[in-house]
Amino acid sequence: MTNTLPTDTEVAGMTPAASFLPRSALQTLLDLLLGQGYQVIGPRLDQGAIVYDSLERVEDLPAGWTEEQGPGLYRLQRRDDDALFGYAVGPHSWKRFLFPPQVNLMRSQQTDDGWRMSEVVQPVVRYAFLGVRACDLAAIAVQDRVFLQSGFVDKVYQQRREQALLIAINCTMAAATCFCTSMGSGPRCQQGYDLGLTELPSGFVVEVGSERGAALAANLPLEPLQDEQDQAAERARQRAVDDIGRRLDRDRVQTVLRERLQHPQWDAVAERCLSCANCTLVCPTCFCTSVDDVTNLTDQEVIRERRWDSCFNFDFSHISGGPVRDQTRSRYRQWLTHKLTTWVDQFGTSGCVGCGRCITWCPVGIDLTVEATLICQDQDADAETRS
Amino acid sequence: MSERPKLAVMKFASCDGCQLALLDLEDELLTVARAVQISHFAEASSHLEPGPYDLTLVEGSITTPEDRHRLLKLRADSKYLVTIGACATAGGIQALRNFADHDEFMRAVYARPDYIETLATSTPVAAHVKVDFELRGCPIDKYQLLEVIASLLAGHRPRTSTESVCQACKRRGTVCVVVTQNLPCLGPVTHSGCGAICPAYDRGCYGCFGPTVQPNTRALSDHVLLPRMASDQAALALHGINAYAPEFARGGQRLWQLAGLPKPLHPSLDASLETSLDTSLAASSATEPASS
Amino acid sequence: MINPHTENAETNVAAEPTTDCSMRIDPTAACDPWVAQVAVITDIRPEIDSVSTYRFRFQNPDVAQAYRFLPGQFNMLYLPSCGESAISHSGPPAHDGTDFIHTIRFVGRVTDSISRLKVGDTIGVRGPFGAPWPWDTCLGRDVILMTGGLGLAPLRPMIYAMVSQREAFGRVVLLHGSRSPEQLLFADEIDAWRAAGVEVELTVDRADDAWDGNVGVVPLLLDRLPDVQPDQTEVLTCGPEIMMHYSAVSALRRGIPATSVWLSMERNMQCAAGLCGHCQWGAWFVCKDGPVFRYDRIHSLLSIRDL
């Protein structure tokens, strides 16, 4: 675990001397990773978006592409340069690889002595993630708490997480939906990565974040970092900070939202909410699942399959008397209060990292920052808003 | 082999496509044939045995007095009766006549309409008899059909999720066509089961599996459909294959009215719409509660 | 709302071992919370209509020997191709390395299918899960159990344990309600419990001609119970949510502090390990922070119907 989850001391013990990787040598990095048996996952153009998928060549990266994002809106756009990582975040998050949408957990076989049950042995997957944003690093840290550090350990996540190599890329722009600065999760990649990169036109400023990252860096054709490169990288990173216009008062929401469980805005948002669960499935921290059996007619062998589920589903809270949260209003309230408040009680961190995916990928464009702010307004202002 | 449960597949007003899903099981069909005795399946064999049957799969909607009579007898002959597909479950595309003047249709289509004996409406099977399980889709998904057969033979309620199509899109990694391509899509209010095929081919969802539980068709109309298509087109989107499913029926009515083209429901149908709405909500509970 | 990590951990989880039935269980010791162990049904005993008590034994003797549970904990019972259901232990917690017991109402897909199993059939079991009844807190104190219907089953292990160490407690009272006299669970054990020093008061919603006992809801039994010493009493309640809610209200009315009232909550449970999200209730995961909760920590949640 030391490589993927470096403690502060371990990181502090290393000299984070930055260096420079010329753009022409990026393929060397990919080749090195592929040669070490990693499956490299990074940004690619697909389905009108920048998604995370397997890649082997620098040419697979979305050179010169960026995106426009807004509530319920995503459009690819050309950049006026050929930056490889000149976008914010796309529809996918890394959770789809560390916490797969569908996974087989257990196998039951009918024998003469009754059922025999055994664990399904998971294939060993070694991912190298290229292009992890600061909000993504924060999201992975949140899921680490959920799956690894809160009592029971999820073995599927654990195996994938321990193997995964994280190459972070600092944002040099922001989408209109980004609000990581409000959540304290970005845009600067601070920790949790193996290698941290900042893209400049001529190459990448490289920072080492772990022993595994250092080992990788040792095999790269790195050049000493020039002062002007360092300063250009700092300016590029500052651009992302300056770009972020969306705000959420995290501390106020954390304390106030839980006291506003009967606020009329829950009804107002339920009028627009489709309860379709898109927000929860694009969220890089949401972790709800259901487990169900995959049967055949003869029942000789039954596989128990775990799938992403969502608190927006009608049946999700079903008990003997029917679903507990039987209206969209109560399901939206569960999601928002969990994400922004009770998550802190459970895991010591907010469930929201400010990536804005739930805003972009909501088909009706419901904006979490607007809803939470409305509900947490002081009561007088609130009364004015409604009158 | 007579101890094997007897399976019947029966057809009413329909295109046979759902029966084909059963034939399309191919590899699994032999297993089905070993597990049950296929007593009546006209699409597959001319050897037809009379009832009673242990499990009857009903395809098609009820459109004639004779069909209605046949259905009542079939129910009496069947231990479990399961509807397969949008016609049997919601009246099918032919239920569009429920929103129009049936006599006018007859006069337009038939030279001698007086030879034709039909009902003014196309209605789901559940409007006439008790249905043990309704399997959605146009056509149905063959693996869901397998799950239904296996579960009922084992004596427990089939597990078919009531989630939206969006969730199947997300699991398979399909990027939302509403958000990226500005396409209208019924996915957020549509029952999953198809595997989210259409959005994976750059098409919005057509709603083949009908409304999911508590579909917010009003918000979908106002915020997803109407910004992307004219209101009469949006009305047609809801009034498609599952036009007579209560939530789509009402949502479509509203859009016709917004389009300035009032198409009132047939007055006699309002009551049955309410009834079938109650039925579909009652049928929606699924997961096992924690007990004791 | 209360943070489970700062407020709940020390009392909603078993304390250090002081008796043979409060052995500390490390929930993370189980190798994989998702994988079931096979158990065979060794006995089936019909109780009341649609309720039977099953005795199980793990097929693997090592698993059987290692298995321990505390009163109030539950197992996930799994029937392949059918599904899983959370069922509380209803048998004695003193573990002899062999059998464990569940009392099951046949109300859904899984439990209906369990009802068709026979002695010798096998089933999958994951567990034990959940926070138990507060055994150590109850030691030396008066204990009032308030149960409705099948809610008596999750408290039966507590009754067995208290009866076996009767001198370790003050007064032990069972206030139990059922819909009708014929729906009275464990009726044939009541006399033995009385003989062992448990005061038992029964009530029914609807009496029949043979019934000469109480009629009405369980909280009324507490209202009428003589000589309650509020400052030395713990109340443990299990039953429908509304019944537990009013039992707690009744306890408070008798001067028993909210910190001495304990409820066992029902929510949808799938993983039972706090990983799947289904059972969330405010900040709690009912499967691992509960199902047993102290009333003062949840009373604000109980007042919101669809939380």
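A, B and C label the chains in the order they appear, each numbered from 1.
Throughout what follows, contacts are C-beta pairs under 8 Å (C-beta built on N, C-alpha and C of every residue); 3 or more make two chains touch, one makes a residue touch a chain.
This one's a predicted model, so the numbers in the text were calculated from it and none came from an experiment.
> Where the centre of all protein Cα atoms falls, which chain's Cα centre is nearest to that point?
Located nearest the centre of all protein C-alpha atoms is chain A.
> Look at the interfaces A-B and B-C and say which one is made up of more C-beta pairs in contact.
A-B
> So the centre of each chain is just the mean of its C-alpha atoms; given that, what is the distance between subunit A and subunit C in Å?
Between these chains, centre-to-centre, one finds 39 Å.
> What's the distance between the Cα centroids of subunit A and subunit B, rounded to whole Å?
37
> Subunit B to subunit C: how many Å between their CA centres?
Whole-Å distance between the two chain centres: 43.
> What parts of subunit B, by residue number, touch at least two of the other chains?
In subunit B, the residues touching two or more other chains are 150-151, 154, 159, 287-291.
> Two or more other chains in contact with one residue: find those residues in subunit C.
If we look for residues of subunit C contacting two or more partner chains, we find 81-84, 107-108, 266-268.
> Please list all residues of subunit A that touch 2 or more other chains.
Residues 290, 292-293, 295, 299, 309, 318-320, 327 of subunit A each touch two or more of the other chains.
> Give the list of subunit C residues in touch with subunit A in this complex.
1-5, 27-28, 30, 32-38, 40, 59, 80-84, 107-108, 120-124, 266-268, 270-271, 273-278, 280, 282-283, 285, 288, 304, 306-307
> Spell out the part of subunit A that touches subunit B in their complex, as residue ranges.
Within the complex, subunit A touches subunit B at residues 46-49, 51, 72-76, 91-92, 96, 101-102, 271-278, 281-282, 290, 292-293, 295-299, 307-310, 313-315, 318-323, 327-328, 360-361, 363-365.
> Residues of subunit A touching subunit C in their complex?
Spelled out, the residues of subunit A in touch with subunit C are 105-106, 108, 110, 113-119, 146-147, 150-155, 258, 261-262, 287-293, 295, 299, 302, 304, 306, 309, 311, 316-320, 324-327, 329-330, 333-334, 338, 341-342, 345-346, 348.
> Give every residue of subunit C touching subunit B within the complex, in rising order.
For this pair, the touching residues of subunit C are 74, 81-88, 90, 102-105, 107-113, 116, 150, 153-154, 266-269.
> Can you list the residues on subunit B that touch subunit C in the complex?
Contact set of subunit B toward subunit C: 150-151, 154-157, 159, 287-292.
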